[in-house]
Amino acid sequence: RCLRLGVTMAKSKFAYVRDFETDDTCLPHCWVVVRLDGRSFHRFAERHNFAKPNDKRALHLMTRCAQTVMEELEDIVLAYGQSDEYSFVFRRKSNWFKRRASKFMTLVASQFASSYVFYWPEYFEDQPLLYPPGFDGRVVVYPNNQTLKDYLSWRQVDCHINNLYNTVFWALVQQAGLTPVQAQERLKGTVAADKQEILFSEFNINYNNEPLMYKKGTVLIWQKVEEVTTKEVKLPAEIEGQKMKLSQVRARPLALHCDIIGDAFWKEHPEILEEDS
Amino acid sequence: RCLRLGVTMAKSKFAYVRDFETDDTCLPHCWVVVRLDGRSFHRFAERHNFAKPNDKRALHLMTRCAQTVMEELEDIVLAYGQSDEYSFVFRRKSNWFKRRASKFMTLVASQFASSYVFYWPEYFEDQPLLYPPGFDGRVVVYPNNQTLKDYLSWRQVDCHINNLYNTVFWALVQQAGLTPVQAQERLKGTVAADKQEILFSEFNINYNNEPLMYKKGTVLIWQKVEEVTTKEVKLPAEIEGQKMKLSQVRARPLALHCDIIGDAFWKEHPEILEEDS
Amino acid sequence: RCLRLGVTMAKSKFAYVRDFETDDTCLPHCWVVVRLDGRSFHRFAERHNFAKPNDKRALHLMTRCAQTVMEELEDIVLAYGQSDEYSFVFRRKSNWFKRRASKFMTLVASQFASSYVFYWPEYFEDQPLLYPPGFDGRVVVYPNNQTLKDYLSWRQVDCHINNLYNTVFWALVQQAGLTPVQAQERLKGTVAADKQEILFSEFNINYNNEPLMYKKGTVLIWQKVEEVTTKEVKLPAEIEGQKMKLSQVRARPLALHCDIIGDAFWKEHPEILEEDS
Amino acid sequence: RCLRLGVTMAKSKFAYVRDFETDDTCLPHCWVVVRLDGRSFHRFAERHNFAKPNDKRALHLMTRCAQTVMEELEDIVLAYGQSDEYSFVFRRKSNWFKRRASKFMTLVASQFASSYVFYWPEYFEDQPLLYPPGFDGRVVVYPNNQTLKDYLSWRQVDCHINNLYNTVFWALVQQAGLTPVQAQERLKGTVAADKQEILFSEFNINYNNEPLMYKKGTVLIWQKVEEVTTKEVKLPAEIEGQKMKLSQVRARPLALHCDIIGDAFWKEHPEILEEDS
């Protein structure tokens, strides 16, 4: 905050009201997770004609916002998203804003929300945004790697269960012509294998071949990438006015659609959970 | 959150991680205040060529966002804004989201931020938005009317002090040609009366005549307004196809630029602090 | 804490562990209530042959402990006790130990518990204390007079309901020879009037004539009392060696057994809830 | 709490006041530490003629109280005490009282305090207890073994530093006849080696030979012990009325005075920090 110059918080007889603020520091040495959820996104999806069961544009927009959050905020080592939710993991020893939970969650929520509107036109070319959406957030603290991994597994299992349900539900509605109520009725009591069987026998859909982004969600982790930029630069007279290609290695939040429940992912990226992170 | 159908949160062996969430209920029967502040708005103002010391467009955009927050969220009885900050007061007995502080602050922050980008073009016609801004938020709880009024007074005194400083600072820079460092030096140690005297004697500015919005900030309270909408309606054959004016009385968050430190404002609007609010 | 001399907390490389302490400041300007409950007092009462339904000695001992708490700790304006529980109300603007909840509740709990053992022999002359009892405590914050009074009313209603139940239950067991299970069965579904009727018609007990201490519990408030002490003092030769009576007016926590639900009590003692308390 | 029969908390119109209680659950899977400190124990030590720099009786009484706490409460795996303080470590996965911090700290504080008075005569035969002492407590949560061990190391380093200071301070006062102010002055700026040198050269005290209990404090851990009790038991007629020795293996909190900063202690007692504790 900084539209002010040379003046700190006014010190008046009213300043005692600051004492009513409470300390909400996150326990040190723990993983801090902020999870966002779209507010009333059922209605939002309806109003903006989201494809069912998954809208690729909407998912990519969510991920773009999450990448912006990772780039603009500090100390986020991993993000995981699915449907209308995204989780952000701050490194264990982060001391960003003195680990104040309110700062963490409001900065994530506001940066994500402003990015959502800002980048909307890039992903929804023919669908104007009708109104600005809201996102609710929360902070949860995990004391060790196991609980953090279990948290992420919980979200990925949730992704899987919901996506399987939605895939067969919408096949029943869109292809078999059932009403939503009938489809719901049809699926009552079915387990995962039943749903895969319906998909295969009635709609010739092999769930295993569904896109990974839908089945696994999206993991964002920092990866070194070589970026080439073209720049007009001041140069000695003989080559003046020429353009130069500059190559630079930068860390960027790249998107993966893979299993994060098993050990393989964590073994491949040991730096994420490193003791000093 | 609602891109899901008929499935509640997946119940897997990982679901125990929910137990790590902590309860952050606000003390009942107390005023809950959420305050937002623009993140790095000094840089944001520079990049977007905000007028100094006050940018009318930016202030109106802030207020538009605050109005959207009041209309979209529940139980906000009053908002007060100045510079790059806005405070929202939830009614004492609100039970919105069970009074969870995290819900209050993230929904305010995200709705405000998405609105900021959404409404930007209405207020900054010739100035494209270069990047999506962030806002940090906090929740503070006030147990009674006196402490709530003192909180708001604290913010309005802050507005006054900063605006007076900024007004004379930028006059020194823009009109008298001082460098920022020189202007700062000049103002060191001056009290309010000194600054008003500089404004008057050197720049012929009577601070009392400065716009109220700059000096007092903006108060938003609910006011009944008559809204007239024109609608094409199905009518009997003889007047078919005609348009009708419909008039409706609705409560809207209207902007005032007045003193809220003295008693007058509160006497004029006794419903705001009513016992049962 | 003070068995140390001239050394403050050791500053070693381990001192970072202090950062894991969390702030538990009570919201300013609110009433802070600490309530204690005897741990496993059913068993404790059995082992120490408490009279049923009320043991006068035990109740007086509890009150003696509560008085000690009020005298030894600071800023307690009122205490209310019944059965094996006691509530302590700290004044609204107390800044004792910076309003840290953990200090409030542990100092109350430990002072009460040590006093319980210390004063036991004064009240239980023929009954040795078999083991040291425990008390659990909690802190609750009330933002205004109404909620504080409602809290105390809640406890006094609880006292009344329990005492009426216990009085008739033990009459059925001790005088009518029912087993506890039979007595419980007999009382199932009865309302207050039924219980009073049983007491009156079967045991000739008019509940209204039961001792106020049992029906209303005990309220402790500060009252000025004149204390006369006899002291041997150094005096001029002619009256040397004589004893003198010294009279002194001091505030002491005195016990009342009265209704605190209605207005009368609070009107009679307006200083308790005074704005600046 | 249990002096009540068959009645749960009274449900009156006042029962809403329960909603003002806040949740203070300790983060799951973390070590919970309760530390107690004697209140105003400098004065308490004076009034009860504690030996300086260490009073053996007082230290043993403290340890006896801590043992009672460990026996009476649940899930305490280790305690560490020195001077007038004691820390209690609850096992990581304890779910005692749903991990509510207020229960943990008030039950420890009250049980410790009542035990202090109860066992006083066993340790202070010739010194009557003049008044019941208080103890303040706090709860701190540590997310992993390293931070827990560092916490305990912090307390043991504190013990060492204070004991060395006190030993030389009281030698200067008691043996060399300095006033407390002179002794303090003399020690200003000295480091550990200086103090040991003073002790050795001026008082012929080799600090290394001081009792371990003073230098290291007291660690309490559960150890299996064989307990032999003599009991009069109902037996067949031919041996009727005889007494029997019963031997039983029980876990008891035994006192050690050893280093807990290095690895040796933890390697010798790996069960304390076990994953599932």
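The chains carry the letters A, B, C and D, assigned in the order they are written, with residues numbered from 1 in each.
Methods note: a contact is a pair of C-beta atoms (placed from the backbone, for glycine too) under 8 Å apart; a residue touches a chain by one contact, two chains touch by 3 or more.
The structure presented is a predicted model; accordingly, all values stated were derived computationally and were not measured.
In summary, the chains found to touch both subunit C and subunit D are A, B.
Both copies, subunit A and subunit D, contribute mostly matching positions to the interface they share, with over half of the numbers common to the two. Chain centre most remote from that of subunit D: B (centre = mean of CA atoms). Once the centre of each chain is set as its mean CA position, subunit A and subunit B turn out to be 27 Å apart.
Chain geometry summary: the mean Cα position of subunit A and that of subunit D are 48 Å apart. Centre to centre, using the average C-alpha position, subunit B and subunit D are separated by 53 Å. Counting only residues that touch two or more partner chains, subunit D has 16, 20, 22, 27-29, 141, 147. Here subunit D touches subunit A in the complex through residues 27-30, 141, 143-144, 147, going by the rule given at the top.
Subunit B makes touch with subunit D in their complex at residues 19-20, 22-23, 25, 27-29.
Every residue of subunit B that touches subunit A in the complex is listed here, in rising order: 1-7, 9-10, 12, 14-18, 20-22, 24, 36-43, 45, 50, 68, 72-73, 83-85, 97, 101-103, 105-107, 109-119, 129, 131-142, 147, 150-151, 153-154, 157-158, 160-162, 165-166, 169, 180, 184, 187.
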